[in-house]
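The following pair of complexes shares a single chain, subunit A, combined with subunit B in the former and subunit C in the latter.
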Partner chain A sequence: MTALSALPRPRARLRAVPTVVWMFLLVPAVVEIGMVFWPALNSFYLSLTKWNGLGAAQPVGLDNYRQLFSDEVFRGALKNNVIWAFGFGGLSVLGGLALAVALNRPRRGVSLYRSAIYLPMVFSLAVTGLFWRVQYQPDGTINTLLGAVGLGDFERQWLADPDTALYAVLVAAVWRQVGYVMVLYLAGLKGTDPTLDDAAQVDGAGAWQRFRFVTWPQLRGVNTVVFAVTVIDSLRTFDIVWAMTQGGPYHSSELLSTYMFQQGFTFLNLGYASSIAVVIFALAVVFIITYLVRATKQEVDT
Partner chain B sequence: MVQSELSRRGLLAGLGGLGIAGVLGACATGNDDSSPGASSTTLTLQSSLSDADPKAALTKVVAGYTKTKVTLNTIAIETFRAQLPTYLNSGNPPDVLTWYAGSVARDYASKGFLLDVSDLWRGNGPCAGYSPALKELSTAADGKQIFVPTSYYWWGVFYRKSAFQQWGVQPPTTWDEFIAVCKTIKSKGAAPLTMGTGSTAWVASGWFDYLNLRINGAEFHRELLAGKHPFDGPEVKNVMDHYKQLLEYIDPKGRSYSWQDAVTPLASKKAGMYLIGAFVTTALPATVGDDLDFFRVPIIDASIPVAEEAPTDGFFASAKSRNTAGAKELLSYLASPPAQQEFIQVSKSSNLPTSQKVDTSTFSPLVQKGIKMLNESAAITQFFNRDSSDQMQTVADTALTKFLDKPKDVNSILAEWQASAKKVLAS
Partner chain C sequence: MTAAILVPVEQPASSRPRRRRRDWVFHAVMIPLTLIWVAPMIFVIALAFRSFDDISQRGTAAWPDSFTLDGFRTALGTGSMGRALWISIQVTVPAVILSLLLASWAAYALSRYAIPGRRAILLTMLAGNLLPPQILLIPVSRVMESLGIYDTLFALVAIHVGFGLGFYTFVLHGFMRSIPIELTDAARIDGAGPVQIYARIIMPLCRPSLAALGALATTWIFNDLIWSITVLRTEAKLPVTAALLNLQGGYVSNWNVVAAASMIAAIPTAIVFFTFQRHFVSGLLMGSNK
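Now for the complex of A and B:
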């Protein structure tokens, strides 16, 4: 009975919306379709063509995609993107969560720590890149510090060495992201019920048990947000790599996004670049849909 | 966040939109062409000179042009480079644009985008007195001139006179002397050569270009860059063997530096020499001043005519300009000796004027020496990217920076270079 009476209600509410409101909604909808969805659809079409920005695009079928998978730079970039997604996602989530838990309880000076950790977030990624590039210079802070503590053997040209370049950029990106994830988790922790924690403590649960079985399950909502944000952020990473290495030395820190930019805007292979864009889009969609489906399923189950 | 991912794609399609707008524009204005009175009275000059000094200089030069109103649009160079085909192909393109001479300009000419300016090169035209090398550089495949060069610069091995005195070395003229100088400087505890190949990997092509010019000559070099010879052939292998001899003398920290960063060791005498363009003077502290000097890259094979790199900048006009007569007049003004002189002086560059009528006696001794060196050269090349394309340059950057790290893998690197170059040329 309740289910039956609940059904017609949304429709009734829809009908109750005055036409004028629909008209107002139409404007942003048209803008959204014209400026976002239509260009995005266009890039699917472009990915099936060869186009240098001049004249008409020549349709080439799936040639671009075939070329992609025999392109070593693309495969390297794909591999780097996987490393990046796990490294960037894993480290910033773990770091952010640990910091949030550590700084959750009110203590003297805790807000100072929180602000200090969040501070890098106010810099743009390009500025972060420039800042870290200076630290990584051959005579920069990092090598000087290593030398000062007797670890001179570990000194290297972080950004010029193909073995370390990607990870050096990763550290810089995580340094900035960690504060953001921390703030998200701090907000989540504020939403947890402290009495549950107290009750568990009275029952003799240890700190780890309380976190794992009492706090963590209450953070599910935040986790969804953090996961989505992290996956999207890691797939769209571009500026910091471009500012620090431009994908070099010799493509060793190339990501899909930097390779797409180079193909599209430096070489004007717009068709080929679009096919890379489509791959990025597909990856993002697959990740996010899988996760959202799982997350909503869990919510329904419980 | 999703939006920013999409907006990049939006840009791609936006380009398409521009193209369509261009076509529509062409339709809408198709009738105007019949009535001469409707030809636009304002000229547009699209400029890629976005650095402060050159921008100020061009603004000043353009302000001195009174015949027609000129709108100067300055666009950041990377955007300009990417959008240039779109500018030229649009229905109402900018009338005059800054860019480079050589194969880049020829490429656009072959697509029919550039205005034939041959009459500026004939009779009393402003370019009539320019050197034959410049004329050849500004000539398209069909024999018409499509470019107006206004300034160029030279490349050389720059050093500090006081540092050379301190180390007791003389500017070398042959390869063996050069290696000996490197050895001496190294024994004094300084890096003989500095080279910023970190964020500006193209600097590594400087030595490649010069060694190829000295060993195989300018003709071969141009043909190699046009894809007529393989990069993994014996000629290039020989070039790399010479390059390999330099590696132990190049400051390894340069791999992390940009070309500007790599100037610092030269200025502080921690490094001895730097093969770079004359634009190096803009990155040097004023205290170095007259202490800076340069020498010609040493001769390796005396039987090869001496060639130098002299990248040439200037202007071209759109074939679709609505006011071709006005565009040509503006080009003539920009090429005139007073305009050239004013531009070079206000931009504080070490560029050389293309017009021989410019009074260069007030220029610094360094610039005078540069002019003299180029005048004594048998052939002039541009630079790797200008003699080929941006995409070929990136392929070369990958190969050369890898070579700097792993000189032992030279054979596989050259094979990879050839494979990538072939792919680029086929696309």
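Now for the complex of A and C:
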């Protein structure tokens, strides 16, 4: 019977669904609903309550959000998050793209360089944080190096100084991220058409012109993904700050995620912490949709 | 994607010397850059093997003047990194296997059967993985409490599986769709049921993407910090990353111990990386490529 009905469009003939296949879908779906979607919905509700984890949560309407507006620490964290998104995103994209272009063509030593650059990516953010904590010590490599080249005036307690703590953590995070962005761009460059580049070269275009007008426009797809992934990542950033400064000194390296964690798990202001989480979600949602649209396109293309 | 068929353009002989000079410039820039890039790691390795006295007298940045395994001994022993490593293995192995198993089920159902709204289901599952974990933390710890598994390794496995599923399903679905439908049709005509087709045809063909996802999932789960400090309370149950941060608080000025402990936490993922390097890179590209 399937043979008859399937005749017109062979590609579209997917089978009617047997019960066991429903189970195949249902089990993972239930796990994800229970672990992800149901908790996520709960956060929205909790953000409208005051709750310390004992007894019942008291509904307080939008009080938590009103409180956020006047919370200096929250505003500082929000500002830091913006700095973080630009610094983390901008530096890792610039670095990753430059390295990808430099290491794109096969040459001797290229694979060694590539491995060295993306090796930090396999370490956890916490390990990365500790690696760099060691360098930032008062008598650590960075201060020693500065002293050795006669820039002793710039020596400081990088992680204990409110002016530098955020940027010190940022450098460590970028060090780890550059390799990932490079890998994404290397794949994007593989998808570009080398004949166009050669044609432009024959026409006398310089290296920069060829990159700007021939290669760059072909990287649009990768750019969207890199952009979305970096922003989502920077809103999620938690581990590395937690490992290096825990948001201090004086909240100078506080991000929304670390502030949320403190409010929720140190002070047990569960309602207030949930409202910070909802703000993080609201900021991320545009980029999540961007990524999903991209993913849909990919689904249609293949 | 359309693949252009290309004949490599022969470089005219005259441009040879110029190319060699460009190569020279290339290496002159890349070699120092690469050295700077790996320097923090080398430095931590050197620190881990120095003795406490050497470090306290001559500073962390000094050239090593001692060689000892004391740092590792302390980290693995009283620093309890050895125990934490074993806990991490107990969490990572089942979490990776379960994630890939459940994801392959969902991907199989969505890619091979006319389930209504399957694209919407797939994208919703993927969206779940993109959510910022912060929006899940508090309710997840409550869910674990109400299930009576809060502060157990099982809870940690459960949240890793649940949170990762969407991404793994999406990637595997893309791969399974590329398997020709004729292959499964032929098996069906020969009398194979859906379970047999899944186990005998689809899964063996998915081996390369399962390997890539496995390598990626292993590093993600092994490296996790936020979920373990959210669902675990007892210090003795903390996996490597969380234990490392605790140790750092306890051995503030013993830099050789801290360096040794962070090496211990880094080595397993480095091994996975070098063993599965090719898979690992292709894994990273999954779902973000094109």
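Here is the rule we go by: the second predicted complex is superposed on the first by the 264 of 302 C-alpha atoms of A that agree within 3 Å, B and C clash if a C-alpha of one lies under 4 Å from a C-alpha of the other, contacts with A are read in each partner's own complex, and residues count from 1 in each chain.
The rule we apply is simple: a residue touches a chain if its C-beta (ideal position, glycine included) is under 8 Å from a C-beta of that chain, and two chains touch if they have at least 3 such contacts.
Just so we're clear, the structure is a prediction, and the values are computed from it rather than from any experiment.
Asks: Just checking: does A:F131 make contact with subunit B only, subunit C only, both, or neither of them? Give me first, second, both or neither.
Replies: The second partner, subunit C, only.
Asks: A:R236 contacts which: subunit B (first), subunit C (second), both, neither?
Replies: Both partners, subunit B and subunit C.
Asks: Output check: A:L54 vs subunit B and subunit C. Expected answer is one of first, second, both, neither. What do you get?
Replies: The answer is first: A:L54 touches subunit B but not subunit C.
Asks: Considering only touches as defined above, state whether A:W22 meets subunit B (first), subunit C (second), both or neither.
Replies: The answer is second: A:W22 touches subunit C but not subunit B.
Asks: Scan A:F123 for contacts with subunit B and subunit C and give back first, second, both or neither.
Replies: second
Asks: Thinking of the overlay built on chain A, is A:Q262 touched by subunit B (first), by subunit C (second), by both, or by neither?
Replies: Once the two structures are laid over each other on A, A:Q262 reaches subunit B alone.
Asks: Per the contact definition in the header, classify A:H251: touching subunit B only (first), subunit C only (second), both, or neither.
Replies: In the superposed model, A:H251 contacts subunit B only, not subunit C.
Asks: So, does A:A40 touch the first partner subunit B, the second partner subunit C, both, or neither?
Replies: both
Asks: Using the touch definition from the top, say if A:R210 reaches subunit B (first), subunit C (second), both or neither.
Replies: Touch partners of A:R210: none, neither subunit B nor subunit C.
Asks: When both complexes are superposed, which of subunit B and subunit C contacts more residues belonging to subunit A?
Replies: C
Asks: For subunit A, give the residues common to its interface with subunit B and its interface with subunit C.
Replies: Touching subunit B and subunit C on subunit A: residues 35-36, 38-40, 42-43, 46, 137, 139, 229, 232, 235-236, 260-261, 264-265, 270, 273-274, 277, 280-281, 284.
Asks: Any idea which subunit B residues touch subunit A in the complex?
Replies: Where subunit B meets subunit A, its residues are 1-17, 19, 78, 81-82, 85-86, 89, 111, 198-199, 201, 252-253, 255-257, 261, 390-391, 394, 397-398, 401-402, 405, 427.
Asks: Along subunit A, where are the residues that touch subunit C in the complex?
Replies: Counting only subunit A, the residues touching subunit C are 10-11, 13-18, 20-22, 24-25, 27-29, 31-32, 34-40, 42-43, 46, 102-103, 107-109, 112-113, 115-120, 122-127, 130-135, 137, 139-141, 143-145, 175, 180, 183-184, 187, 191, 193-195, 198, 221, 225, 229, 232, 235-236, 238-239, 242-243, 256-257, 260-261, 264-265, 270, 273-274, 276-278, 280-281, 284, 288, 291-292, 295-296, 298-299, 301-302.
Asks: Where on subunit C does subunit A make contact in their complex?
Replies: 1, 4, 6, 9, 23, 26-27, 29-30, 34, 37-41, 43-44, 47, 59-61, 102-103, 105-106, 108-110, 112-115, 119, 121-123, 125-140, 142-143, 158-159, 161-163, 165-166, 169-170, 174, 177-178, 181, 188, 193-195, 198, 219, 222-226, 229-230, 241-242, 244-245, 248, 255, 258-259, 262, 265-266, 269-270, 272-273, 277, 280-281, 284-285, 287-290
Asks: Please give the residue numbers of subunit A that touch subunit B in the complex, ascending.
Replies: 35-36, 38-40, 42-43, 46, 52-55, 57, 136-139, 157-160, 162, 229, 232-233, 235-236, 245-246, 248-251, 260-262, 264-270, 273-274, 277, 280-281, 284
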